[in-house]
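Alright, structures below, take your time with them.
Heads up, the next two complexes both have subunit A, just with different partners, subunit B and then subunit C.
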Partner chain A sequence: MADPRPDTLFAPAADVDLARSRALRAAAVGLAACAIGFVIDRDHFYRAWLIAYLLFLGIALGSMGLLMIQHLSGGAWGVFRRIFEASSRTLPLLALLFLPIVLGMGTLYSWTHADRVQADEVLRHKAAYLNTGFFLLRAFVYFAGWILIAWTMTRWSRRQDEGDMSVNLRLQYLAGGGIVFYTFAATFAGIDWVMSINPHWFSTLFGFMFIGGHGLAALSFTIVVSTFLVRRAPMEHVLRPSHFHDLGKLSLAFVMLWAYFNFSQYMLVYAANLVEEVPYFIARISHGWQYLALFLVLFQFAVPFLLLLQRDLKRMPYRLVWVSLALLVVRYVDLFMLVSPEFAPTGANLHLLAGEPESRLFVHWLDLAAPLAIGGLWLWMFFTQLAQRPLVAFADPYLRDALETTGGH
Partner chain B sequence: MAFEHELPGLSTPGRVTPDVIAPGHTFESVTERISAIILTKRTPIGWFVGFGIAFVFLLLFNVTVGHLLLTGIGIWGNNIPVGWAFDIINFVWWIGIGHAGTLISAILLLFRQQWRTSINRFAEAMTLFAVACAAMFPLLHTGRPWLAAYWLLPYPNTMNLWPQFRSPLIWDVFAVTTYFTVSLLFWFTGLVPDMATLRDRAQSRAARVAFGVLSLGWRGSARHWQRYETAYLLLAGISTPLVLSVHSVVSFDFAVSVLPGWHTTIFPPYFVAGAIYSGFAMVMTLAVPLRKFYGLEDFITMRHIHNMTKVMLVTGMIVAYGYANEAFFAWYSANPYESFMMYNRMAGPYAVFYWALIGINALMIQLFWFRRVRENVALLFVLSLFVNVGMWLERFIIIVTSLHRDFLPSSWDMYAPTRWDFAMFTGTIGLFLSLFFLFIRFLPAIAIFEMRTIVPEARLQTGEHG
Partner chain C sequence: MAEFETPAALVAATEQARLHGYRQMDAYSPMPVEELSEALGLRRTRLPRLVLAGGVLGGLAGYGLEYWSQVITYPLNIGGRPFHSWPHFIPVTFETTVLGAALAAFVGMWALNRLPQPYHPVFNVPAFARASVDRFFLCIEATDPKFDRHATWKFLESLHPAGVSEVVA
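Let's look at the complex of A and B:
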């Protein structure tokens, strides 16, 4: 056999196209359902759309974060770089999918209503930050920055494939600045899009929790895609148990981090019992929501923690992938828990209703349709991006370490 | 790999990074070089000078403690409303410094980071000494430390006195004693094979007996090594959560309260990051003179200096993020007490310290982005001293500004430390440095047998290990 060029050697398997078309069909079904929901139950549509949106945004941003960390640390996990890159390149689509949230601002965020703001001293104080114009400007800045980082990093990555090693250093510089921007932008995006649903509540830990969720979602998604790829040429010759072992260990770390952040926040708010903070948790441990809270404790911490402690499980992609798929579902439940208890079962924002209404545990059919629509579109975009480049970043200066990682773990 | 020659990346290393050990070393040269520091008959004059200075401060510590026990804690400057000042500031500062040792020994071991090898031993010793210094403050703050047993520990006594389990201060007692015990075990376990090496090489009978007892009958058999490796890995696993838990519990001392500036949910991770940041600064402060004085540049290479600086940059940036976060939420909370707390920090009577800590921990550390700075050892030494100061100021600001002006303006007051506060603080620095000087003179400051595993000879014998 003649020496093949690496870019043809690592060409993606043909059935990536199949995955693309399947994702698109799922999206069509989901979007049709969402369109019906938009017409007949608009309040629930906006709420469900926001939750599903946050899940896939988290995967994309988390992947971009891991990509930047990899450029900075020079870690021996370069075999996953193309997955991170393809995932980051979905950000323009995500910017587009943000538009329904802009349309639904009036439903989602009570601080968009001038009469509400006038009647509430706290909201009057926050109006300098929580106002429609500034909210939109900030969203524009976040997306512009994220897309610029993702695009530049992947463009330089292609130059690296073509043999231009001068980009190696620039990639590191960009990753350094990029990670600072990402951290601050993600923190404020979390405040804008999630925390301000309940405009009275605040928690300084929220940014870390939001970013930690991105990391967990991105790692779980990477394991799922890698398990899909490891069954096919060319990745079946590249990915080894040790690579899955590394991702599994990182997943375990992020599972523990999630528990650490959530325990710290809950314990401190519970112990202080302050009127500004504690209603947020009272809403989430009563009226049925407590079962969901218990579900999260068990399935976003206890069960995956015990499973991921096992060495053998982390080294077997076909078993590990089930944990990762379950973690993606639980991530969605966690986001559901962040958002939904601020809404009445009718879908209306509690903070827009008169009196002191309470939320009761509810699930709406749009909570299944919205992830299908956004997930389908997002996966279509992801596989489109993945198919455009060799599956191994073969010019990665640390790839030798990544490929030589054997035994020992 | 079959396609290896095809891949441009595989033949093009990114940046040439210095190795974790200088070229040309063998098993023999490593053992000789490190054990000679301990087994030499002639102690260098510089050691006596350094130890002498440290010892003077240790004596100052003894005088202070004597005065304190005879007179009472009224010799300190803390008084209502600032009922907690140097005693807790210095406690948190010292405990934080200890964290780098645990991170280096446990987490970097689990991540198989080879660069931990030459700095882990003295970083662990630093942890133990720092925790010992930290423990002095709460113990002496009780005024009668011989009674601390039933104030701090839950033991069934005839007076039926129990500590308040809902208080984070009692969680602290458990966290810190666990931390000290595990760190001590970890450190000593790692020392055992080296003790045997020293026992075998010692010339004097006294040294042979002392190292012989400490080496616990180590013969270096395959079974010994196998048990050793198991024990070491288990201890690393046990230590890992302690890196997060100890300083999280320390942060609860403040965050469980309802005081503006103390009660904030970001405190646990923010304290942990600050602890690692200040701990690496102290490792740098100790490593730079150590490698210079004993000529250990071959073992503590530029790679170590680079990596330590990078860890400081990352953790320092997390701390800076915490400052930004606190300032934003002080406003966003719409709580007048929260915003006043931040205003008081920025423009109140202690503002100069606030801006000094921002200058160091948020602005100065940006220098660590530059490779030129990371290569300048003398500059890094100075910067690491600044980081130590900056992190001390951070605790000062958190503790004093929240207390001295609380909810009721009629109870506002200023806090000023007395000369005894300073005497006790510098006294613990004397204690710390005295212990450290004794350590580098009598015990191997660099793990001899672990260094032997990273010389090129070891790679030839065992094959490359990922």
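Let's look at the complex of A and C:
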């Protein structure tokens, strides 16, 4: 790999085409099921769609965040840059898939109902922020910003491939500003799309939890795709155990970050014992939800933590990939846990129901159909983008270090 | 002992030496070179397990301290919470876990490396002063069964080093 030739660095076309057509078929099945769900059980459809949507949005945004961090930090993990870039370039599709959530605002968010807001003093005071027009305007700003950043970064990256080294510094400046925008926008998006489902509850840690989840999902996804690619040319000559080791270490850090944020939030709420904050956790440790909470403590922290501590596992892609696949599933369960306990088993937002009854643990068949639909479409878009450019950003100023046998990090 | 100008050359030379059957050797570098330990065929150290043990002990000690003081010896009613309010114990437990692991890593590293070591025969080679600046050294030790003063010297020269020297103990 002393002198990588660009034309040999594209993804293996046959395998990628196969992945794309499989993704499309999965999407077709999922979308058909979702269409039925939309007709017969609209409340559940919107709720399930939101959860599945957040998972794949998290992968795309997390990849964009990692891409920007990579431009700022440099280093050998730039070998994964094209995966991050392809993920980021799925954002226009995700903006489109956001439309059902806009349609479902009425059943997802109780603050969209004027009579609810009038009857509730807290909501009256929050109405300056939580109102339909401003919500849509914010969503527009988030997506416009994210897509602009993703597109500019990947366009400049292509110019770098073409030999224009003047973009190197500009990429760093954009990455610096882009991280600031992404962090603010994702924090507010988390508040808008998830936290406001229960309009009385608030947590200042929520934005960071949301973003930490993006990072973990994006890293897990990158490990899965890299394990797919490392069996095939050209990446079999590029990716080495040390590269997987790096991603594994970062995954371990994000697993710990998840535990840190979630525990901090829990401990502060436990310590303060305030009437506005406590119901959020009471809902999640009773009526069957406590088993899911325990599941998350075990499988989003304890088990992956102990597994990822091991050096050998992180250096063996075929073992690491199972941890990463499991983490993606657990990410979905975690998002389910964020959203669903605020809904009645009928799929209606509890805060829209008279007397606000309590939720009982429930899983609906749409909770399987929605990730299939969105995931299929998203993977199709991802592989389409991945196939368009060489898999190695061969003009990356740090790449020579990355490919050397005594490589850095 | 042979002197090299790049870490890659050192790693290549070490691999060659192993292929030729040398085992009792050590490499010196001004910065960590990850591939070296593999090339040298070093056994995995016991340090990770020591650190884990230190962390577990530290965590248990921290939680034990909280439990003993809050529940057994000096129970205080704070806002009507149970004496054994475990969420409040976690930050201290976390900190003492880190402390235990860090102390185990620090002390263990010194002990396992038999440091401090103010004298070592390689210091007798004047060129070795650059081992902490910009030169990389591979030393085949006389205790190696394959060691032969003449043959080993010739072998080291065949690796295209920047220089070969004899270490006098």
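In this section, the second predicted complex is superposed on the first by the 391 of 409 C-alpha atoms of A that agree within 3 Å, B and C clash if a C-alpha of one lies under 4 Å from a C-alpha of the other, contacts with A are read in each partner's own complex, and residues count from 1 in each chain.
Criterion: a residue touches a chain if its C-beta (ideal position, glycine included) is under 8 Å from a C-beta of that chain, and two chains touch if they have at least 3 such contacts.
In this text, all values refer to a predicted model and were calculated from it rather than measured experimentally.
When the two complexes are overlaid on subunit A, subunit B and subunit C occupy overlapping space and clash. Of the two partner chains, subunit B is the only one touched by A:208; subunit C is not. Shared-chain residue A:311: touches subunit C; no touch with subunit B. Using the contact criterion defined above for the overlaid structures, shared-chain residue A:169 touches subunit B, although it does not reach subunit C. Of the two partner chains, neither subunit B nor subunit C is touched by A:152. Set against each other, subunit B and subunit C touch different numbers of residues in subunit A, with B touching more.
In the superposed model, A:271 lies in contact with both subunit B and subunit C.
Legend: residue contacts after superposition of the two complexes on their common chain; A:132 is shown touching neither subunit B nor subunit C. Common to the subunit B and subunit C interfaces on subunit A are residues 242, 267, 271, 404-406. Taken in their complex, subunit B has these residues touching subunit A: 1, 3, 6-10, 12-15, 112, 244, 248, 252, 255-258, 263-269, 317, 321, 324-326, 329, 332-335, 369, 464-466.
Contact residues on subunit A toward subunit B in their complex (touch as defined above): 3-6, 9, 74, 76, 121-122, 125-126, 129, 160, 163, 165, 168-169, 176, 180, 183-184, 187, 191, 202-208, 242, 260-261, 264-265, 267-269, 271-272, 274, 276, 393-401, 403-409. Across the complex, subunit A is touched by residues 7-8, 11, 33-35, 48, 52, 79, 85, 87-88, 90-91 of subunit C. Put simply, subunit A touches subunit C in their complex at residues 242, 263, 266-267, 270-271, 273, 309, 311, 404-406.
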